[in-house]
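Two complexes come next, and they have one chain in common, subunit A, joined by subunit B in the first and subunit C in the second.
This part shows the complex of A and B:
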C-alpha cells in the first residue's frame, strides 16, 4: 500500500477508533496479559510458602514433575470421565431438547423460557441445590427411593466416591445443558425450511430428516457447543467446592485437575508447582479446542 | 400420529419438571424447619410452613453486607463493561485495521485461561496496589474477565445494524461519538440489555475469584452462601434460604429479560 495523506475526516476517524478501543484493550491487557506472564514465570520457580527461603529458579522442573505425578494423572483421569459425560452427554441432551422444542406447539415459549432457569442459577447455589437432594440424611432422593420401597436404608450419595461423581455430572449437565439447547434451537431455526420440504418430498421421515438435514446443518453450532462445554467441564470448580465442602473428596474422588491446581496453590501453598499445573490445564483446554476444530471444522475451511 | 403427539407432550412435561423441580425443591426446603426434613421421616405438612429463616437471614448483617457488596460490585462491573465494551465493539464492527482478527480471536482465547492460572498473579497485583479484599479490586478483576465476552457479543449486535443510517447521520454533521450515542446505541437496545444482563449475572455469580481475592473486608454473597455448608454441620434450612436469596435476583432478571436474552442468543448463534 502506498502512503497517502489522510483527509481530516479519516484522521478524525482514526483518532476516534484508537481512543474508543484502547480503554477496553488496555484493561484486558493489564489484567490478563500481565498476570498470565507472571504465572508463566512463577511456574519456572520452586516457590512454596511453607518453605520460605527455598525459592529458586528451576526451569521446567515443575513441568517434569507433573509428567510423573501420580496425583495429577489420577486427577486427569477424573477430569476425563467427568468431561466425557458432561460434554458428549450434555451436548447430546441439548440437541434432544432442541429437537423437542423445534416445532411450534402450545406452551413451547414457556418451556423455552424455563431453559433460562438453570442458566441463571449461580454455580454455588447449584451445588447447594443438589446437596439438598442427595444428602445422606436430609436428601429427598433417599426419601423418594425409600417411599417407593426401593431401598432399605439411606444411600450415602455424597460419601461414596463413585456416586458423588455421578451427582457432580448431573449437576453440571443440569446447569449448563439448557443454555446449549437454547443456542441449538436458534441455529435449528436458521435452517431454511425448503430443505426440509425437499427432503419430505424425497420421502424422508422425520427421523431421517433429523439425521440427514438437521444434524449436518448444525455442524458449526455443534463444534461451538462442544468447545464451550469442554472448556466449562475442564475448568469446573464451584460445584465441586460446594458439594464436597471444599475438599474435593471423599478420598479425592472429585479432585479434577482444576481443583487439584487450586488445592496445590491455596491449600498446600506450593505456588510454583500450582502455577505449572494451571498452565498445563490451559494447554489441555487449548488442545481440546483444537481437537474439536480439526474434527468438525473442516467443511468451513473449504467453503471460505 | 396421536401417539407421537402424546409422547412429545409427555417428554415436554418431563423437561419442564427437570428444569424447575431441583430449584423448586430448594424453595420448599427453605420454608420448613430442619427437623421436618430428615429423609427417613420427611414432614411437609403446610402447618409447619415458616419464613423464619428468611427473616433471620435478612436481619443478619453478616448476610446483608455481602448482598450489598455483591450488588454494588456487579452493578459497577456491568456499567464499566458496557461503557468500555460497546465503544470497543463499535470500533471492531465498523473499522478495518491490521491485527483486528487477531485481537478479536485473542478476546475469545482468554476464555481458555482457567481462572486459577490468574488467581495468584491477580492476588499479588491487587495487593501491591492496596486493592486486595476491596470492592474496587473486585470490580477491576471482573471487568477484565467479562469485557472480552461483552465485546464479542456487542460486535455481532453492531454488525447487524445497517451502516447506511450512520452514513446519513455523518452527512448531517454528526461526530463519530455522536453517531454511537444517537444512532447506534438506541438501535441496539435488545443487544445492550441482553449483554448487560449477561455481564451482571456473571459478576454476581462468581465464586472462585471472590473466594481468592477477598476476605473479611469485602465479603461477597456467593462466598457467604457457600459458607453455609461446612463439611460436618450444615443448617439445611438456612443453606436453602441463602441459596434462594442468592439466586433470586438474577433469576428474576433473566426471566424478565428472557425475550432479549433469547433474541441475543439467536442472533449470536446464527452468526456463529
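This part shows the complex of A and C:
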C-alpha cells in the first residue's frame, strides 16, 4: 500500500484537528490517565505511610496478596450480593416502570417528571434521607410499621448486619432506577408501532407482545443499562459512607470491595495495597462489562 | 487477513499473555521483612529536628488551622484575641466534622500540602500521623510546664511530643435524677459497683425508655466501649511490650457484661448499636430518652443547656461503676499539632501555646464544659464553680484512665468492631469473638512494632 501525499489544505486541517482536540486530550490525560498510571505504579510498591522506612518495590506481590486476602474475598461476596439485587432488580424494575408509563393514562407526563426526582437528589442527601427513614429510634419506617401493628418494638435496621444490606440495596435502587427507567422509556418509544400492530393482527396479547416485541428490541439498551448499573454497583461508595458513618459497618456488613479499598488507602494509609485493590476493582468492572457484551452482544448477532 | 494468519495471531497473543503472566508472577517481590518499619525516620516526609521556640517577631505571619467542630470558642472570640496578642494572622480557621477529618488530613499530608499549618489531633492521630512523619516534633522548651499528663499523652507517641493539648476529657457517668427518684432509687448517689448499676438500669427501664444507652455504632465507638469495659474489669489492653490483651479474662468479662446488659437484663437501648458519635448520645440523654450514659464532660453543658429536658438540678455526675475495680475510664483529650509541611511553624507553635494557655483554657472550661489541660486552671476555684463535674474528673484520674492511641488504631477499631458486634448480636460468645480479634491484631502490631 502506497502512502498518499497530503495536500497543504489537508495538512492544515489535520493540524487544526490536533490543535482543537489537544485541550480535551490534555484534560483527560491530567484527570484520568495520570492518576491511573500513578495508581498502577503505587500498586507495585509496598507503601504504607505509617511505615515510611519500609517503602519498597514489590512487583505484583500486592496482587498476589489480594488473591489470598480473606477480607477482600468477603467484600467481593458482599459486592456480588449487592450487585445482583441492584443490577438485575434495578433494571427489571426500570423495565416494569417504563412499561407502565408507556400506557396512556391521565397524569402520565407528571408521573414521568416525578420519576426523575430521585435521580436529581444528590447521593449524599439520598444516604442521609434513608438513614433518617430507617433510624432505629426516630425512623419513619419503624413508626409506620408500629402504626400498622406489624412490630411491637423498634427494629434496629442500621445496627443489624443482615438488615442494613437491604437498606443499602433499597436506597441504591431508589436512586438509580429513574435513570434506568428513563433510558428504557426512550428506547421503547423508538420501537415502531407497526410491529405491535402486526403482532396484534397475528393474535399476540400484551404479554406476548412484551416478550416477543418489546424485550428483543430493547436488547441494546438493556445491555447498556446492565453495563452502567454493574459499574455503579461495583463502585458504590457514597451511600455506604453516609449510611454507616464512614465505617462500612456494622461488622463490615456493607464493606464492599470499593469501600475496602477506601478503608485500606485512607484509614489504614496502606496506599500500595489500596492501589492494588483499586486496580483489581477496575479489572472486575472491565470483566463484568465484557461479560454483558458477550452475553447480550452475541445473541444480538445471532438474532440478526 | 487470512484465517490462518488470524489464528496464528491469537495464539501469539495468548502466548504473549502467558509470558507476561509468568513474568508478572516472577515479578512478585516479597517485601523485605527485615526492613525497619516504624519510627518515621527514613520516609520522605519527616518531622526533622524538634521545634524550638524562637524569639523572632512573627507580626503579620499568616497561619491556617483545620479543627474539628468540638470548640466554638475559638471562632467566637479567641482567634481575635490571639491575633491581638501575637500579631499573627489566622488566615483560615476551618471546622469540620470529626468523622471526616482523618481522611482530609491523610490526603493533605500525603500530598505534602503546605497550606495547612495547624491540625487538630488526639491520641490515635498523634500516634498515626506522628509515626508517618507528618507531625512536627516539639522540643521540651516548647512545652508548658504545668500540663496535665493524660492531656499531654493525647498529643504524644513513643515518647515524642507532637503537639499541645487544648482540652482534657475523661468519660464519667451521668444519670437522670428524676428517673432514679421515680424508680425508687436515691437520686443523689451514683451506683458504686457494676451490680448496683445494672439494678439501677433495670429499674429505670420503663415505657420503652432504657436505663442505659451508649454509642457503639461505628468502629471507634465499639473500641471505646470495649476498652472502657476492659478497664472496668481490671484489665489492660497491652502488656509493656505492646502485646495485645483483647481476649484476656478482663476483656472477656467486660464484653460479657455489655452483652448481658443488652440481652439478659434488657436495660441497654438497642439503638446503642447504631449511634455513631458522642454528640448523638448526648442528645439522647439531654432529651430524657435514657436514664444514664457514660460520656464526655460536655454532656454536662448539653444537659444543662436551654432546650434540654434535663437540668443542673436533675443531672447527676459521678464515677463510672467498676466491674472488678472501683472505677476506670477512657481518655478523650484533644490538642493541636503542626504539620511537618507547614512553612510557618513558629507562628503555628504560638497558636498551640495560646490554645493551652490560661486565656483559652478559661473559656473552654466555662463556656464549653471541657476539662482544662493546665494544672493551674484545674486548681483554680473558679473552674470548679463554673464546671462542677471537674470534681468527678479529679476523682476519675485517681483510677485507670487510658486510650491507647497507636499507629494501628484504625485497623484495631475496624477488626474489633466486627467481633464486638458479633458478640453483641449473639452470633458468637464474647470469648470466641475476642480470641478471633486477638489473632487478627497480633500480626498488625508485629508489622508496626517489629
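We take it that the second predicted complex is superposed on the first by the 284 of 304 C-alpha atoms of A that agree within 3 Å, B and C clash if a C-alpha of one lies under 4 Å from a C-alpha of the other, contacts with A are read in each partner's own complex, and residues count from 1 in each chain.
Here, a residue touches a chain if its C-beta (ideal position, glycine included) is under 8 Å from a C-beta of that chain, and two chains touch if they have at least 3 such contacts.
All of these numbers come straight from a predicted model, not from anything done at the bench.
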item	value
Subunit B versus subunit C as contact partner of A:49, first or second or both or neither	second
Touching partner for A:135 - first (subunit B), second (subunit C), both, neither	both
Which superposed partner A:80 touches (first subunit B, second subunit C, both, neither)	neither
First (subunit B), second (subunit C), both or neither touched by A:293	neither
Touching partner for A:195 - first (subunit B), second (subunit C), both, neither	neither
Partner chain in contact with A:124 - subunit B first, subunit C second, else both or neither	first
First, second, both or neither for A:269, with subunit B first and subunit C second	second
Which superposed partner A:57 touches (first subunit B, second subunit C, both, neither)	second
Subunit B versus subunit C as contact partner of A:163, first or second or both or neither	neither
When both partners are placed on the shared chain, which of subunit B and subunit C touches more of subunit A	B
Residues on subunit A lying within both footprints (that of subunit B and that of subunit C)	135-137, 154, 244-247, 266, 271
Of subunit A, residues touching subunit C in the complex	46, 49-61, 63-64, 135-137, 153-154, 156-161, 244-247, 249-252, 263, 266-269, 271
Residue ranges of subunit C touching subunit A (in the complex, touch as defined)	24-25, 27-32, 35-46, 99-100, 102-103, 106-107, 109-110, 128, 131-134, 208, 217-219, 269-271, 273-274, 276-277, 284, 289, 407-408, 410-411, 414, 417-418, 421-422, 425, 447-448
Residues of subunit A touching subunit B in the complex	12-13, 16-17, 20-21, 23-25, 27-28, 30-32, 34-36, 38-39, 42, 97, 100-101, 105, 107, 110-125, 127-133, 135-143, 146, 154, 174, 178-179, 182-183, 186-187, 189-190, 220-221, 224, 231, 234-235, 237-238, 241-242, 244-247, 258, 261-262, 265-266, 271, 274-275, 278-279, 281-282, 285-286, 289
Residue ranges of subunit B in contact with subunit A within the complex	8-9, 11-12, 15-16, 18-20, 22-23, 25-26, 29, 34, 37-40, 42, 84-85, 87-88, 90-92, 95, 97, 103, 107, 110-122, 124-125, 140-141, 143-144, 147-148, 151, 175-177, 180, 201, 204-205, 207-208, 211-212, 222, 225-226, 228-231, 234, 236, 239-240, 242-244, 246-247, 250-251, 253-255, 258, 261-262, 265-266, 268-270, 272
